[in-house]
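Let me begin by presenting the structure, written as structure tokens, before commenting on it.
When the chains are written out, they are named A, B, C and D in that same order, and each has its own residue count from 1.
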Amino acid sequence: MAGSSFGTMFRFTTFGESHGTAIGCVIDGVPPRILLNENDIQYWLDRRKPGQSDFTTKRNETDTVKILSGVFENQTTGTPIGLLIDNIDQRSNDYSKIADQFRPGHADYTYQAKYGIRDYRGGGRASARETAMRVAAGAIARKILNSLVPNGITIRGAMIKLGPYSIDRIRWDWKQVENNPFWCPDAQVINEWATYLNSVCKNGSSIGGVVEVVAENVPVGLGSPVYDKLDADIAKALMSINAVKGVEIGDGFDVVALSGEENADTMHMCNDRLNFLSNHAGGIIGGISTGQNIIARVAIKPTSSISSKQISVDSHNHNVEISTNGRHDPCVAIRGVPVIEAMLAVTLADHLLRHRAQCGL
Amino acid sequence: MAGSSFGTMFRFTTFGESHGTAIGCVIDGVPPRILLNENDIQYWLDRRKPGQSDFTTKRNETDTVKILSGVFENQTTGTPIGLLIDNIDQRSNDYSKIADQFRPGHADYTYQAKYGIRDYRGGGRASARETAMRVAAGAIARKILNSLVPNGITIRGAMIKLGPYSIDRIRWDWKQVENNPFWCPDAQVINEWATYLNSVCKNGSSIGGVVEVVAENVPVGLGSPVYDKLDADIAKALMSINAVKGVEIGDGFDVVALSGEENADTMHMCNDRLNFLSNHAGGIIGGISTGQNIIARVAIKPTSSISSKQISVDSHNHNVEISTNGRHDPCVAIRGVPVIEAMLAVTLADHLLRHRAQCGL
Amino acid sequence: MAGSSFGTMFRFTTFGESHGTAIGCVIDGVPPRILLNENDIQYWLDRRKPGQSDFTTKRNETDTVKILSGVFENQTTGTPIGLLIDNIDQRSNDYSKIADQFRPGHADYTYQAKYGIRDYRGGGRASARETAMRVAAGAIARKILNSLVPNGITIRGAMIKLGPYSIDRIRWDWKQVENNPFWCPDAQVINEWATYLNSVCKNGSSIGGVVEVVAENVPVGLGSPVYDKLDADIAKALMSINAVKGVEIGDGFDVVALSGEENADTMHMCNDRLNFLSNHAGGIIGGISTGQNIIARVAIKPTSSISSKQISVDSHNHNVEISTNGRHDPCVAIRGVPVIEAMLAVTLADHLLRHRAQCGL
Amino acid sequence: MAGSSFGTMFRFTTFGESHGTAIGCVIDGVPPRILLNENDIQYWLDRRKPGQSDFTTKRNETDTVKILSGVFENQTTGTPIGLLIDNIDQRSNDYSKIADQFRPGHADYTYQAKYGIRDYRGGGRASARETAMRVAAGAIARKILNSLVPNGITIRGAMIKLGPYSIDRIRWDWKQVENNPFWCPDAQVINEWATYLNSVCKNGSSIGGVVEVVAENVPVGLGSPVYDKLDADIAKALMSINAVKGVEIGDGFDVVALSGEENADTMHMCNDRLNFLSNHAGGIIGGISTGQNIIARVAIKPTSSISSKQISVDSHNHNVEISTNGRHDPCVAIRGVPVIEAMLAVTLADHLLRHRAQCGL
């Protein structure tokens, strides 16, 4: 209950600070006899890895995951899966000068105030480094979804807004997402985005973004009303990611100006199958999946580490001036995409097992 | 783990269907020796009660709460508090004709698909009737917050958007919130909103809204990183409310277009006290409260029950035509305000006790 | 996390004091479409009811249970089941004189010390009255076990020791259990036990007992190593019952003097089926059910309420003399039998659903 | 919910198989600013280490623990503590021949039946190797108890029965416990026990034992009625340890033959302090600690691995003959002592934090 775990039947617990010895994760409740090896996890970790373009931090994290337990002869055994990634590139000296300074937008002050102590090196536990373990857990969650759901569940994220720039949804093409440094589904905006983000970089500044994530082929019936509604747990999962400040399901905030008629996702029978004629709800009604695509969006704030001088305070109650040089992403939303996908995957895996417990599959 | 409970150390569990015998709630973990009687809870329930204006359902729910346990001689005893509200105005006959129809936007289809059975009367468990118990739990949460935090925590909600109409934040006045049927803090828009909502009513249609909720005097340090961040749990709490489709903390989605400099909430010392110069973060950084006001916003969809004819499907896989007459709110966001306040209160109470467990108070 | 709930996927939460308005229970996670009505629960409650023989309290509890939610047209709906029993026979005046006295063996002192307040009437929350709700939850657990396990699971308890008197296991006959006031399976000891307990009664004294409970037709595979082993959860379930001071599985404490050879439950194939040649383990190895009968035993202390004068202390730190007159069971172990059965039933139901979540059924 | 975690506010999760890469543990909810380094944990691990006498397995486990996170500059930070012990002495070849055989008394059959797969090497997850992590978690729990409770809580275990041989409680001397290979508090029985256990060893057989564990200086008020009673959680904690078949609190099964008068722990005021005149209850009444010593006992079965030939079955449904040679403890109860102490420590630490959450300290 101290916050380091997520999920109930599919439950994972992470540990580790940015510049400690290692980060790790224990995943409990994984069904047995699912094929799994380290490459299955490494594949998704590599997508999150920094340094893959000009727009992500140059920090050198190889992020090589080791499976310590729970897998025998390439199959899950039903026992807890322990995962470990050693912290290779620790460079603690980069951070010593800010040991007692509270960087604006960072959790320095709040951790110090809550615990009376903090590992200040690289943000410690509050660093986005922890999200590597979310991606690892997400990789295993995907395995479960693909093992228990006929034809599997596909979960993909895309960046649809970079600062003031949006995509045109008409041009949405999932294939493009893999072909540009922004996970952007609209090929025509890439140059504009690159030019803009280069200028942000040059100024030592940063900018926010919006990521949309979609789960396809979700079975109808997932979700546990009324407090563990599927959308409530997705909201929690996504809001728990560093720098996220807003979460929408389906039409989200746009629903406000719709009339009841416009917002209704009407149904009809088509070839003996119930079909919805629209998906304003984003695939969830009454907290339970409808069988349509689940669609969520998150707002991610601009990176707090910027090179401009900022006034602030230190732990001795003195006013100070801070500027954070070093290896930082100008737009953390970009590296957020694999993490957001992962958190949707773990939420669905958890609810799939919970649904199996109560209702069978 | 079947979804009917919220919270960990302050934990409540609700039960009851819209047209069943009664709805109820058990609240566990309440600190002992807090003054509490039924009026303390009834006060907040009365604010949620329907039929208080032209714009809320005429359904006659007296919603009289009884305390069944956990309170002795007007003080909490530390044992679980059982609450009960009898369902008086059940009128089940209103609903018999839709027994096997799936109303668009309602949870009829998803409950049927998940469970293979549903109590169709008035939406059954999926009805917003359940939220009365959230308000009751919120009343007790407020008691805890006021008992353990010097000077108490004030939690207030306001409607800031009705369909296409917004307020002007410059005119925000909390006193106005109690003086109009919209919980609107901007006196100048009331007439416009009333005219607009009357026309929505007349058309048998409905519209959405945005509610903002603010907690004042929150201590620094609440929240359990990294999965039970305070904002993550607030997002879950709010998204679990019927009809909510989006949740923002602080600047929310507006943060996307801000630069790192614009978004930074810088600090300085002022009279030996650390002060923030802005609150884009909405009072939470790294998942932990900063001591500033906590600010959240939710998007609420238009009421799904409208009088227009809609195509749909029934449980025998036939296409049908539905129109939902009866006593419905044209804008459920209005009655959502006390529920949203309550859910913020319970989340804060839970995290206050969790913080006390790990760090003391 | 304040202790009023039991189980995870099958999870129930109770509330209510001995002399409050009512006691109640919420049961969450019940699979849908199980036939259930109030009589199904009342049947088991009636077995626990006091006043059925000379050896149980004369307190007049009709204990009529009402289902408030979660059941529609005699079937479970998958939503939480709310149960309520009104407290009819409250006679609060019986207890006023002990309002500030700490009765030896009762929880008066510990509740007062923990919470700084207590509902002293009839033991308040610490009263065995709460166990009525365990029996009610157990009735629903049995329904689940019988619905999901082919041929159902039979759970029966029997008293095998009354103070210094034991049964002869050779004469064990389940049919006898229903035919005497002791739930005793050995018809030949009944007279002796009755004579003995009458003398205990006459002296205003009390005595302890041992109850054995057996679950038959349990599927192999239930239990979640390593902390939620099936035997660990059974131990918790049984030790949580009022007055229980010891729990054994299988041979229990007798296993200590066995050699490895004697204790081994060897297996062989017989008609293509794996058979165990003995059951020292009580049906659980490595925390997982073996498919054999699950056998547990509990030690129950003598009733603490006795008529002899006892020295004690009151809440004003004065020495006092106490004697507890009134309607008390000379051996609470007797009325414990249905409660012990119920707690085994709920533990098995919970683990059955948990097993279904992870491994399917 | 898959069983690899223990506790709520002080919550730890273990992973690892006997012959996998490593075993590990994550401990969440530890209060910040407690002095902690690896030696503090290693000290307790060394007490559990095998090979310290003729009566424990010769398996060469150095069991060197590494702290991976949650500690900064020798203080806990409030973030999760990750612990790791590499498996050095894996000798997997010892076990290949029993890959598809079900050893009597071991969890081979039940794991295979539950999961359809198992890591058979050295018992895999079911091996007592996992208990090293319980001891590590217990070391941290002790730190918490000593940090939050004035003068700390002392938790000590002792073996009081070896097969048919008991101690004389009159001669109980805690100092002796550290001076013999049995953790036995009665110096006069050591020779007898040694002679007996040597003969058991020579026969390739094994024997059970009883361990008593005592917690001193426990504050009054710990425990969460009615399902998470302190004794219920202790029973679960102890029964979850490998080979445990029975748990008693206080007088345990002996209470059965006591009268109410004999069993009453009467109180009187002495020097303005409430005192109990006896402790039949073992320091817990109504599920809440009384402030007296907490006393529990566990029955541990004889080691299942014996060298005698035993009939059994393999995973291909064939009858087989098994004899387990190798490095095994003739009486696992001996090595159980530090584990039993640890499990009492973690249970008390969890309830101390839970009590602080609800009632303050």
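Convention: a residue touches a chain if its C-beta (ideal position, glycine included) is under 8 Å from a C-beta of that chain, and two chains touch if they have at least 3 such contacts.
Computed from a prediction, not measured in an experiment: that's the story for all the values here.
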Listing by label each chain that touches chain B and chain C gives A, D
Considering A-D alongside B-D, which chain pair is linked by more C-beta pairs in contact? A-D
How many Å are there between the centre of chain A and the centre of chain B, using C-alpha atoms for each centre? 26
CA centre of chain B versus CA centre of chain D: separation in Å? 46
Can you work out the whole-Å distance between the CA centroids of chain A and chain D? 39
Multi-partner residues in chain B (2 or more other chains touched) are 1-5, 8-9, 14, 29-30, 32, 78-79, 114-116, 125, 225, 354, 357-359
Flag every residue of chain B that touches chain D in the complex, lowest number first. 1, 8-9, 29-32, 78-79, 225, 353-354, 356-361
Quick check on the complex: what are the chain B residues that touch chain A? 1-6, 8-9, 14, 102, 104-107, 109-111, 113-116, 125-126, 130, 161, 163-164, 200, 205-210, 220-229, 231-240, 242, 245-269, 272, 274, 280-282, 285-291, 299-306, 308, 310-313, 317-319, 354-355, 357-359
What residues on chain A touch chain D, complex-wise? 1-5, 8-9, 11, 13-17, 20-24, 26, 28-30, 32-33, 66-70, 72, 75-82, 84, 111, 114-119, 124-125
